[in-house]
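Structures given as structure tokens follow.
Here come two complexes built around subunit A, the first alongside subunit B, the second alongside subunit C.
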Partner chain A sequence: MSSQAVVIKKSKLLNEEARLAYILLAPAVIVLVAFMFYPIIYVFLMSFFDTDKLGRLRSFAAFKNYKVLFQTKDFWTITGRSILWTVIGVTTKTLFGLIIALLLNIEYRGRKFARMLFIIPWASAVPISAMLWQWVYNPEFGLLNFTLQATGIWKNPPIWLGQPISAFFACMWVDIWIGIPFMSLVFLAGMQAIPNELYESAYIDGVNSFQKFFYITLPGITELIMIATLLSSLWTFNDFNVIYILTKGGPGGATDILITSVYKNGFEWLKFNIASVMAVVTFLILAIVSIVYAKIYFGRERK
Partner chain B sequence: MKKLKRFLLIAILLALLPGFIFAGGQKEKPKVTFFWALYDGLTEDFRASLQDAFMKANPDIDLDIVPVPWKNMHDKITTSLAGGNPPEISVIGTRWLLELMGMNAVDEVSKYVSKSTLDNIAPGAMEAKINGKLMGLPVAAGARIMAINSSITTFVPKTMEELRQEAIRVNNPPNVYGLIMPGKKHTELTDFAYYLLAAGGYFFEIKPDGSYGKCTVNSPAGVKALTFMNQLANVDKVVQKGYLSMNRMESHPVFYAGKAAYVFIGAWVESAMKQAKSNFKPIYAQIPPFKGNKSTPLIITDSIAFFKDAKNLKAAGKFIDFFYQDKWKAKFDELVGFPPVTISASKLPQFQTPLYKTLGEAALNAKGWPLMDGWAEYSDIIWDAVQNVFLQKQTPKEALDEAAAKIDKARGM
Partner chain C sequence: MKWRNRGKPFAIVVTILLLLFILFPFFVMLSTMLKSGQDVYTSPPFWFPKKVMWTNFIKVWTEYDLLGYFNSSLIIAIGATIFNTLLSVPAAYAVSRLRFPGRKTILYMFLVIQMFSPVIVVISLFKIIARIHLLDSYWSLIITDTVFTLAFTTWMMNGYFKSIPIEIEEAALIDGCTRVQTITKIMLPIAVPGLVTTMIYTFIYAWNEFLFALSFIQSKPKMPLTIGLYNFVGRWSTQWQYLTMSAFLALLPVLLLFYVIEKRLVAGLAGGAVKE
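And now, the complex of A and B:
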């Protein structure tokens, strides 16, 4: 067989393979377009229209909905709170995740069991975890206040979900508690991929534990930290379940963030146009964060 | 490659084959979906046995009674309507009816429910009759009353002021609280409503033609009511610990546990206490008015609505006729504790107790929620005002002025 014939047969084969690939990919593409892109486009459209109580488009409103929302003081408070919620939540999850990953990376008896225990909060359904914490925080029958009082640590503990500041941090803690295992597991996987020889050489050179962490471990998992914190930022910003179950945004709106406000405006008050403007703002904030992350990440890769 | 394609095609056909055979071989039964509100006291056994009994009696109809917690019901209905997949029937708060009618979502009940069932409904319960058309079938109607833990006190206050004095006297936290006050937002604005009505106020001005005028929650009666609530909670501190973090469902168990002297509650109190295994005997009385006012309890009615865009409304009507027989509806009333809305059930011996007597008296002077579009948003605004006062962010006057202004603005007034 001539070399030309081989090339023709190969390209035909590639075409056929490509066609098959398109056929196999088609259902997934259709599903994505129908269930992801269409709703996103529709939300964008709704934000520029007056809508009825079922979210159907009525008349073109240009930027009226945006103007109405941006003139509301509550909107800016809620947006600021959402950013604060995300920054504190992700930072804490990252720090705790790192510490726990370091502890799980050390050789000791029962390490497997410890690793299994740390997965439980992440493996449980979020609503179940939130409901469990709702009972833990209960001022009358809850485990937390009972323990604090019984042990004498805090004679008059706060009513965790009853005051604005404590409710905000109580909700945040539940979100952190649920999110830590993911961070720990990702960091742990990264740590285990670092060649052991690096640590052995460092040991021979008399390097201490802190130096090992800052000069070997941390640089070794920096890219993973970036990806994990980006994902965690997206999830934390959109964490609806914990707040909705624990406080429904209360007391007095103190735990309302953009995503709970979108739900309230849309499905409780049936103001789908305003809810969609909020959803668009959420989308834009998260898109900006993702682009900045991507730029830094790929910039590092090129270096 | 061709072989692979052929293999894939055959595999897809084989996968679809059972579906075609099933679809072709069986005539699909009409399916009725019913969003079933989870009232306090209602058991899963009852729901399941009602569903099974109906399907046994009507093998040609498939019935799915979907239990939905009350706090999620409004959202569940809205999302199902927005998604174009409403249930055939659902329990609704009658106060949502105008909103649903505004969406053109509900249909007239009398088109689907038999005359004999409708004739058996007490005329006074037909709150959902709008412009002469019955748009919701009454399922539960009950005025709110006061329950007293007789092991703490037997004093029945005649005024709010007397109630406060007695609550202060018996209050001995954390063992005994004067009274229950839910401070966390929940579906209904009941708690502020009790005090507002007791002070002679209402949410809106009612014009001579029956339509609603401006919001009046900031009237002297409204301010008096909220000032009094704040006094009980933050000055006298006679309410349950952590009241701001407890909604109705979370705070009432404190009363059932025997730790509070007074609670403003609904007809479900007896069955809920039975379920909680309460070990004290309650006394039932009217929610007292403020001195110089007349007793005006809150009455809440719920209805069953038929959704226009659902497919099997006739079959749903058949189910309602089945459910509204005394065998099932009276049992339902007994479990949830509401006085029966059907004439035949109201004559049954189990509804002749002191609780039902008190509920009956309360209904005579009771007022209901405003029947208006947008009430969900307005009640939320009032809730925020109440919470801001509890959190001492605003005075009652400031908070209610702001709430009234917001509501009027939202209504374009």
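And now, the complex of A and C:
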């Protein structure tokens, strides 16, 4: 009898707690539903309809838009390029990040200052950085080509944003440049968490620097590398600002990736149905990667 | 890692070279922002201005509407920060401290939607914003910036609340505080560093936001800095000395703010594996 009373009291308490939780969560959830979930659902809906130039739904088209898009060669080129963009971007960011983290992990005076300087590209506003780079890349008056020529590093530098291949790599580099600091900081923090005794005993055993790196440092931050590269691949894949500001996807579509193509199809060419199909494809790719990230994140929290 | 003395000077030289390489565009910015219009458009270019034009600093405020852009950015960023805090703090408290059915799902949702790209929804958001008659208004950006930072800030605050020992709160509850009182009088004061981090994060996000502003704002007086500067570029002859000067001024506040939150941001993103 008494135990039953306790159970009732407890469940009543739980209810009260749950009610408070729902009240506290309600505003955030309502806003997210209205301005995030509803728009996503609407994009899914739009992808199954014919739309007019104002983006209004005209008639149900079933999978017609998907068929049209999947049959255009451009779509596959752009998808392939998005994957290439992400793979090159994330790999290069990771390599630079590792090198810089290793350099910042050495003790010397001014290390903190160097760390601060390395952060600047991440701390800056992406759109503004992209505009600065546009000026840097200027073929006639820009200081990049001038410096390359003056120092003899590259006698005939390309007109960076004017030709398809160089434009792709020029955009690629700006995206990489923005993403390096995050990688460096995460890896550095990971390296600093590795107990010093490991290095000391390795020193006694006469291990050289390369062995130290491959047998102690790298295994110590493997999990972090996974999380950081996953996050970075989402950001890289999503990088709209750099490409749009530098080239708008040009010249001749040579720098378009899915994310810029969605925007251009919608806001410039007013093909809202095609834009939404692309958005759906992009969404599905991102959702898969996000769920993997969440799984790893929760996995490590439980430990 | 302790390097033997042989390696250290080498590492320092490499660091300096890498820094010169990485900071290159900012050297270009500093060089250009003090040049005259004639110096900017001289080919071949040169690093040091022939005549240092300190007046560029004044001209961006008088000849260009930099003040207007700053003003818009500030209104939008502060607005988004306020709304984000009002929504994320209670939500974070709920998921970190209260037990209720669906807690795991909500937590999972907050983590996953951090990754959603604004581009995916910008088309339908445009229609929604148009339907509620908020196109070309500060509100359109305050709302969208709030929404797109909400998941991350809730997540960060959740981590912060969780790191506060539950005993402190229990003691307050036993002493007769109500839940709301424990939140406002006990939890929030302790969580100030976390609160500052999420607020600065939102502020920076809104200050730097480009896509929504590009899509929703048409009239010049309402343009934030990013769009204002973007409109400088691409005209027939961009006056790069003014653009770089404006870029410098626009970057300064967010750079300083970023240093305040940088360590906690990395820790939050990397999932507790990294110590602050």
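Here is the rule we go by: the second predicted complex is superposed on the first by the 269 of 303 C-alpha atoms of A that agree within 3 Å, B and C clash if a C-alpha of one lies under 4 Å from a C-alpha of the other, contacts with A are read in each partner's own complex, and residues count from 1 in each chain.
Here is the rule we use: a contact is a pair of C-beta atoms (placed from the backbone, for glycine too) under 8 Å apart; a residue touches a chain by one contact, two chains touch by 3 or more.
Please read all numbers here as calculations on a predicted model, not as lab measurements.
Asker: Put the two structures on top of each other at subunit A: do subunit B and subunit C fit, or clash?
Answerer: Verdict on subunit A: clash between subunit B and subunit C.
Asker: Which holds for A:160: it touches subunit B only (first), subunit C only (second), both, or neither?
Answerer: In the superposition, A:160 contacts subunit B only.
Asker: Is A:55 in contact with subunit B, with subunit C, with both, or with neither (first, second, both, neither)?
Answerer: both
Asker: Taking the superposition as given, does A:267 touch the first partner, subunit B, the second, subunit C, both, or neither?
Answerer: Both: A:267 reaches subunit B and subunit C.
Asker: Using the touch criterion from the header, give the chain among subunit B and subunit C with more contacted residues in subunit A.
Answerer: Between subunit B and subunit C, C touches the greater number of residues in subunit A.
Asker: Identify the partner contact of A:20: answer first if only subunit B is touched, second if only subunit C is, both if each is, neither if none is.
Answerer: Both subunit B and subunit C are touched by A:20.
Asker: Between subunit B (first) and subunit C (second), which does A:253 come into contact with in this model arrangement: first, second, both, or neither?
Answerer: first
Asker: Please work out whether A:140 is in contact with subunit B alone, subunit C alone, both, or neither, and reply first, second, both or neither.
Answerer: In the superposition, A:140 touches subunit B and subunit C alike.
Asker: A:123 contacts which: subunit B (first), subunit C (second), both, neither?
Answerer: second
Asker: So, A:224: does it touch subunit B (first), subunit C (second), both, or neither?
Answerer: second
Asker: Given the superposition on chain A, at which of 79-87, 133-141, 151-159 or 205-213 does subunit B overlap subunit C?
Answerer: It is 79-87.
Asker: Between subunit B and subunit C, which residues of subunit A are contacted by each of them?
Answerer: In the superposed arrangement, which is not itself an observed complex, subunit A uses residues 17, 20, 55, 140, 267, 272 for both subunit B and subunit C.
Asker: Okay, in this complex, where on subunit A does subunit B touch?
Answerer: The touching residues are 13, 16-17, 20, 52-55, 137-140, 159-164, 167, 247-253, 264, 267-272.
Asker: Under the touch definition given earlier, write down the residues of subunit C that touch subunit A in their complex.
Answerer: Touch list, subunit C to subunit A: 1-3, 7-8, 11-12, 14-15, 18-19, 22-29, 31-32, 40-47, 86-88, 90-91, 93-95, 98-101, 103, 106, 108, 111-128, 143-144, 146-148, 150-151, 154, 179, 207-208, 210-211, 215, 225-226, 229-230, 233, 238, 240, 243-244, 247, 250-251, 254-255, 258-259, 262, 266-267, 269-275.
Asker: Any idea which subunit A residues touch subunit C in the complex?
Answerer: Against subunit C, the touching part of subunit A is residues 14, 17-18, 20-22, 24-25, 27-29, 31-32, 34-36, 38-40, 42-43, 46, 55, 99-100, 102-108, 114, 116-129, 131-136, 140-144, 146, 177, 180, 182, 185-186, 189-193, 199, 203, 209, 212, 217, 223-224, 227-228, 231, 234, 237-238, 240-241, 245, 259, 262-263, 266-267, 272, 275-276, 279, 282-283, 286-287, 289-291, 293-294, 296-298, 300-301.
Asker: Taking the touch rule as given, give the residues of subunit B at its contact with subunit A in the complex, in rising order.
Answerer: 1, 4-5, 74-75, 78-79, 81-82, 99, 102-103, 105, 174, 183-185, 240-246, 250, 254, 259, 374, 376-377, 380, 384, 387-388, 390-391, 393
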